[in-house]
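Look at the two complexes coming up: subunit A is in both, with subunit B in one and subunit C in the other.
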Partner chain A sequence: MSTIKKDSGFGVAQIILLISIAILVIFVAWPVLLILFNAFFVDGNFNSTDFYNVLTEPETFQALKNSLIIASMTTIGSTIVGTFFAWLVTRTDLPYKTFMKSLFLVPFMLPSFIGALAWKMLLSPNSGYINTFFMETFGLSEPVFDIYTYYGISAVEVMYLFPFVFIQVCGALERMDPTLEESARISGAGLFTITRKITIPLVLPSIMSGALLIMLYSMAHFGTVAVLGIEQGIYNIPTLIYEKIHQSGGSFDSIRTGTVLATVLVVTAAMIIWAQQKVLSRGHYQIIGGKSFRPMELKLRGLRYPLLFFCLAYIGFTILLPTAVIFLVGGVSTYGLPLTWENLSLDNYKYILFEYEVTKDAIFNSVTLGLAAAVITMFAGVMISYVIVKMKVRGKGILEFLGMLPFSVPGSVIALGVILAWSGKFGINLYNTVWIILVAYIARYMAFSLKANSAALEQVHDSLMEASRSCGATMWQSLKDIVIPLVRPGMISAFFLIFLPALRELTVSIMLYAPTTRTIGVAIYTLNEDGETVMSTALAGIALILIVIGQMLINHFTKKVSE
Partner chain B sequence: MLKKTTVWLLSVMMLMMMLVAGCGGGEEKQAAGNDSQKLIVYTSMKESLIKGIVDGFKKANPGIDVDYQSAGAGKLMAKIAAERQSGKILADVIWTSEVPDFYNMKNEGILLNYKSPVEPETVNPFDDYDGSFHAARLGTLGIVINTDKIKTAPTQWSDLMGPDYNGKFGIANPALSGTSYMSVALLEKQFGWKFFEDIKANGGRIGKGSGQVIDDTASGELGAALAVDYITNAKIEKGAHLQLCYPPELLVVPSPVAIFKDSAKADAAKKFVDYLLGKEAQTLVAQQGTIPVREDVEIPAKFNLPAPKEALEKSIKIDYIEAIKTKEDTIKKFSDIMQIKQ
Partner chain C sequence: MEDIIKVEGVAKAYGKHQVHKGLDLGIKKGECFTLLGPSGCGKTVLIRLIAGHEVPDEGRIIIDNTTVADSASGEYIPPERRGLGIVFQDYAVWPHMTVYDNIAYPLKMEKRPKDEIDKLVMKMIDIVGMKGLDKRLPSELSGGQQQRVALARALVADPSVMLLDEPLSNLDANLREEMRFEIKALQRQFGITVMYVTHDQEVALAISDRIAIMDNEGHIRQIGTPYEIFEQPADLFIFKFMGIANFLGVRAENGRFLVGTGNQEVPWEKPQDAAITNWVAAFRPSDVAISRDGEGLRGIIKRANFLGATMDYMIEIDGEHLRTEIVTHEAISENLMFKEGEECVVNFRALHWFDAAQLKEVEEL
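So, the complex of A and B:
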């Protein structure tokens, strides 16, 4: 008995555990360790004064401050917007609620740097279409709104990030046990008291965790600040790392500055994740799920249609307007011409699609990178989650700790880490190839896959596996015939959760691209940076079409799976 | 919710897009595989100029395939430095407008010494020519104005301190653009730092790259900018409301071309340099509204540009060796005056 146990236990379980640990170490832990090492060690000696010096340089300190300012404003804004709309579509009698709910998820599709490009054209102080319209129509001498400010950058980030909060709060409000509120009502509490004493405390953990997610994202976000901030001298940490890496001729000093900045990001991220865990664990027991009572709805009465109109106007203003501007500006022959019929044509689109070499490369690179990263990460994710959720082997604790890492490492940190790890210092040189981007994507999206797969695995009861084992199946057999079919929905959703964001990725690939390895995001960004505004918007338009098609296919397939 | 046919249609569309991309990518892969047969040119010239030249070269030399990477000079140099660290420079030919970089590379001994037989036919701005690099274009910078915003064209550099330009004049960031760096160095040489202090006092602004300041001027975000000739002319050609004006102290920035010593395709690279200095390529250069290096090439009259020799005489002179030594300081001083970082 004991020998059999040993055989099967070591043969398969240990190997899976070791492979899982190896994957996480190679792809995630090692690059991060290299960053920390390079930040604190100079020529092999510990040196914290250098770290301190870099950090207190006015330039880096300002970037840190900017990152914090923008992230805080974005977080506050998104939390207010997200919570308000979530409340509106779950707890009121707003007309067309389910439709409105899916509408509020659309901003997720629009990559925020493309949104930033659009808002630059709409709201740059002297030439933005909205600003010039108001200045000409009402004779104003000052622009209505200057997008090149902290407010502008944060507003754009809020527009495209608020769904993080929206989804979390919607979920919490729907899962919340309505009897809690009802009992308060029966005891004579008014709506205001109920909201203040029951509802808000119950959904607060979800709001907080969504807010922290946005904070984490915004701190490490490249695109919006790069498009709207750099020109005005507003740098945040990722944009400063990018500038350092790209303009210094690859000298070690600049990479070191990059590692110090990256270390700050890692530490901040770790603190945010820690806070999130704290908040979630405190709030967890309060929400009792599983009961399917309809929560009571607030009667909006006369406000029903005005509020519906407000929601639609919000979507129109933040989604339709920027998208329309992208497609229109992509159609004018040169930037600055008025958007009239005689100035519009499909020439730029033709040029971008059929003549511009970079487009083909970029679409090919993004699609293949997305597919490869999604497939690899999906399988690696299911294996690692399996070990964490289901297996009882010694040494699992290490894996659990390693499994937390992908969640807390921001994209720009991963990019810097893979440069350190894979540019020849350790025998393998992937720099300037497409492989280095793939390695970085795997590290970046591992968290998505772990999340989706472990959620799916938690629903598979251990007894199924035990039953098959007791009928004489080997571990591999029962994995293949029982577990994999049951977690397939989780795997598929992991695949799409990775494929689509990878298709429009910018933060990581901008640091790693070479002449022939531009991704779609990089191609749009560099065209814009080179002053080819109309061409970059034309390409952005094409990218948007690709993304929307992809999203529709996903909706279709995941619906099938969940049925 | 979606009809079956719609889904089918969408899938087909997605597949087709991937296929289109796939074909392009396929060629790409092949190219990467047969690395040794493709000549790679790194250049800061924009698509509108480099594409025509490369196409012409391919036509004249059917056996040689060429790939080019067009990006800002600063980015290309960073790339080359990174490539050198990892052992091999991917490019065979480099053609940018940042002359000091070429002197640096020459001193580091990474450039191939090649005296092109075509060189005697050209106007050579470098007194110390030794075959390390050739000027392939005499770029000029002028003041581009948005004709809707500024009605009277500037004739002097000092016009920029006037009320018309208050808060409206932009210069590309010299840390990003080689041409911009050279023009800052030239203007500083001629007028001293006071020139930039005055511009700042009149609300002067910093743009990103040398292309972006022109688009910003075309859109009206800026009223005027320091602009590179051919990029501006390409946009005027397409109907942008712009005009390029040249004050008498001409800013001429030669764009040198050089071959890397390690190039495995030195023969093809030499042919490319010869072609670039030849009449055909220089005619293309002139048609883009920039000064060629050959007296026997006519510059279209609409561009209002002097002939090569005359341009060099009118231009602000600078000692390139000196400019290398002071490059970092120049950029820093400029950044401090213009307060680039917040």
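So, the complex of A and C:
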């Protein structure tokens, strides 16, 4: 006979809540607060005029303007490209649609700063392969295209960011009830009218949300602008923060400028995320349900194959060509040699993998940092999402608010905050060690982990846990036996969602690296800066191979899970 | 007999929504007690309070002479130490564990020896008729089979009380009928106290020793045996909730009880309360007897529907309407196949009097 056992199990929920809050405060909230504090307080006094002064210095003001110009152009470009291709693969009878759809997601895999590196080699005005080809073949005296411009930078960002819009719009178009369009057609509306009056208004929230995501990403994007802009003096907010911190060796003025810029970035990000939530909640028409329908398809007729060819050409031009250039240039002994068979060898690859300390270290650092960050963040994310999604405990509101933070703090802000927090001012000095990079990675990727884990936890019905409690299991026991096994797929996907981006991370590590703590991204970037172009591209090639292998592992695991 | 579960002055609110206030309830040892009420009346909240998945804002809950929750002293015993078995509406069978592992779990938590666990689990699997399915995963089982696993899991550790929260509502009608007899049989076999929560009055009548009727405000209107609840409903709410109901408006005039606007007296024992002048005569369609002539209320057939096995009539008596059913072959043999517009005579086999003021209240619910 089971009997009631006395005494109380009070406190477990509170302990978990407190640990969760502590993690988010230490890793995310505190660094951000330090940035705001340093931006607004001079010698312990609130000083907003100084904030304004820093902001209106020509250099900072120009960076703000540049961020805005590049982000706007990138957003517009990506939205057009993404929406067009999404429509093409969901609503037309384009041949090999499913295959084409997966092809359009490939740009996600290519880190944009590696893309930028490739385009620099292809289109730099003096030595870019395409420019020299045209100048030699047609005897032109001027290069056809200059990549070191706003247009060049934005174009490269569009190539690697448009999948954000593409995915969102594809999803909306696939879930849209086709009867809505059919009833319009029965009412006598032509295809053009239907598209204009029915389809576009219905998918507009998704388009907007994807566009805002790109805006946010581009505003805070370091790599492309660093590779293509700095040479011509085009700085955006993150690159200027980097330049300030990097050049001055951490002087007060440069830190201040950095924190002011970071504040602007945080505020902008918060506004963009707020707008996105707004758009999504307003756009939550009942009409776009969760069910999958067979949507109405436009017959492309004679345009079917030309459009397929166009898509393939786009992929070839934006993905294949840059990738090929990376691997080819990585194979020549000196940058500038013609890319002919006699000049190509695997020597560089051998050298950076087995002999060159800088790149060997970098690969080792990135892999271990990625693994460590992924494991820690995965477990922390499960716990925090568990409290947010499942637990009923007083004080949860604080955690819900803190849980939103990681989503709106850009990488360069985190890096700067981490410098302020962990450089010895508060007793612990991690500066110039790998640990500071690890701390920053945890903060940066917490959002991914929270997203994947809360999605998985929402699938686990409360009664499963209540059943185990009533079967005599304590809270810990139920977590171990019931919840963890059921959210394991979410945890695995969180692991890869962190490990893969961490492997190619640049924005955060570039601000935190020391000579021995370079990551792959930093090594590629700095080698390129130092003129070691072939080594840099060879390492980029290795990185690409690692990323592709990782992606294949993800696909393998997620397929297994869904079975 | 003593109460094994005592709920004393319990209050529970979610934000501004007050679900329970001052709720008292006692469940006797060894009985099958059903809490019956419309959806959203707070039945599930009560079961969760007893199980320990919720904490009462006010009041005390006592199980087996142990206070498990007391708002005054802050005492609270977590669910795992209350020694209860629970069956949920959505089965809550763990999808990553086999049938065997699901049922064995409560025993593992008690750290029983392995061979004993094995013996008990196999016995339980046999009892709930799942022999040979012990290695299956829940995804390979039907809804009914999953609910059997949930039942076995709730019973295997021999709890003092088993709580069942609408365990049959996700099953189809045939299975529902079959399972409710099985639950009753299991309860007898194990001699266990059962608290069963449902909105289905048929199930409640079929399995309960006692039923408590809860209204939308979370108040308990009546507690009694199934017979008492059905035959002697304490008020109009219960009468209406227990099945299809007919209501005739009746006015009291000089000691006479007249239907609607006319002058016909109700052919039934009169109510005693002289203070009330507006009454409702309530009865079930099956309690109406119709004939071509003789004593009784004169009415007009307003609608006649042939439903195959039965005839369905809507009858008007002096501005009041009632519905009745009569078995078709009986209607034919006794010349009771009425056409619309024909006159008929109405008598009652059973009738309950209620204050008409109640009707308004009940209809608002």
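Keep in mind that, in the parts below, the second predicted complex is superposed on the first by the 548 of 563 C-alpha atoms of A that agree within 3 Å, B and C clash if a C-alpha of one lies under 4 Å from a C-alpha of the other, contacts with A are read in each partner's own complex, and residues count from 1 in each chain.
Rule of thumb we're sticking to: a contact is a pair of C-beta atoms (placed from the backbone, for glycine too) under 8 Å apart; a residue touches a chain by one contact, two chains touch by 3 or more.
Computed from a prediction, not measured in an experiment: that's the story for all the values here.
Engineer: For A:Q551, using the defined touch cut-off, is the partner it touches subunit B, subunit C, both, or neither? Pick first, second, both or neither.
Structural biologist: A:Q551 sits against neither subunit B nor subunit C.
Engineer: What is the contact status of A:Q14 with respect to subunit B (first) and subunit C (second): first, second, both, or neither?
Structural biologist: Neither: A:Q14 stays clear of subunit B and subunit C.
Engineer: Is A:I230 touching anything from subunit B or subunit C once the two structures are fitted on A? First, second, both or neither.
Structural biologist: Once the two structures are laid over each other on A, A:I230 reaches subunit B alone.
Engineer: Where does A:T92 make contact in the superposed view: on subunit B (first), on subunit C (second), on both, or on neither?
Structural biologist: Neither subunit B nor subunit C is touched by A:T92.
Engineer: So in the superposed three-chain picture, is A:L486 touching just subunit B, just subunit C, both, or none of them (first/second/both/neither)?
Structural biologist: In the superposition, A:L486 contacts subunit C only.
Engineer: Pick one for A:P125: touches subunit B only (first), subunit C only (second), both, or neither.
Structural biologist: first
Engineer: Can A:G472 be said to touch subunit B (first), subunit C (second), both, or neither?
Structural biologist: After superposing on A, A:G472 lies in contact with subunit C but is clear of subunit B.
Engineer: Determine, under the contact definition given at the top, whether A:N47 touches first (subunit B), second (subunit C), both, or neither.
Structural biologist: Neither partner.
Engineer: Once bound in the complex, which stretches of subunit A touch subunit B?
Structural biologist: Checking each residue of subunit A against subunit B gives 58-59, 62, 66, 121, 124-127, 132, 230-235, 245-251, 333-337, 343, 353, 356-357, 359-361, 363-365, 367-368, 423-424, 429, 431-432, 514-516, 526, 528-533, 546, 549-550, 552-553, 555-556, 559.
Engineer: Which of the residues in subunit C end up touching subunit A in this complex?
Structural biologist: 48, 51-53, 63-64, 66, 68, 75-86, 88-90, 92, 94-96, 105-106, 109-110, 150, 153-154, 157-160
Engineer: Which of the residues in subunit B come into contact with subunit A in the complex?
Structural biologist: So the residues of subunit B in touch with subunit A come to 1-2, 7, 10-11, 13-14, 17-18, 20-25, 28, 31-32, 40, 46-47, 67, 69-72, 74-75, 77-83, 85-87, 90, 146, 168, 175-176, 206-222, 231, 235, 238-241, 339-342.
Engineer: Quick one: which bits of subunit A touch subunit C in the complex? Just the residue numbers, please.
Structural biologist: 1-6, 8-10, 461, 463-464, 466-475, 477, 481-482, 485-486
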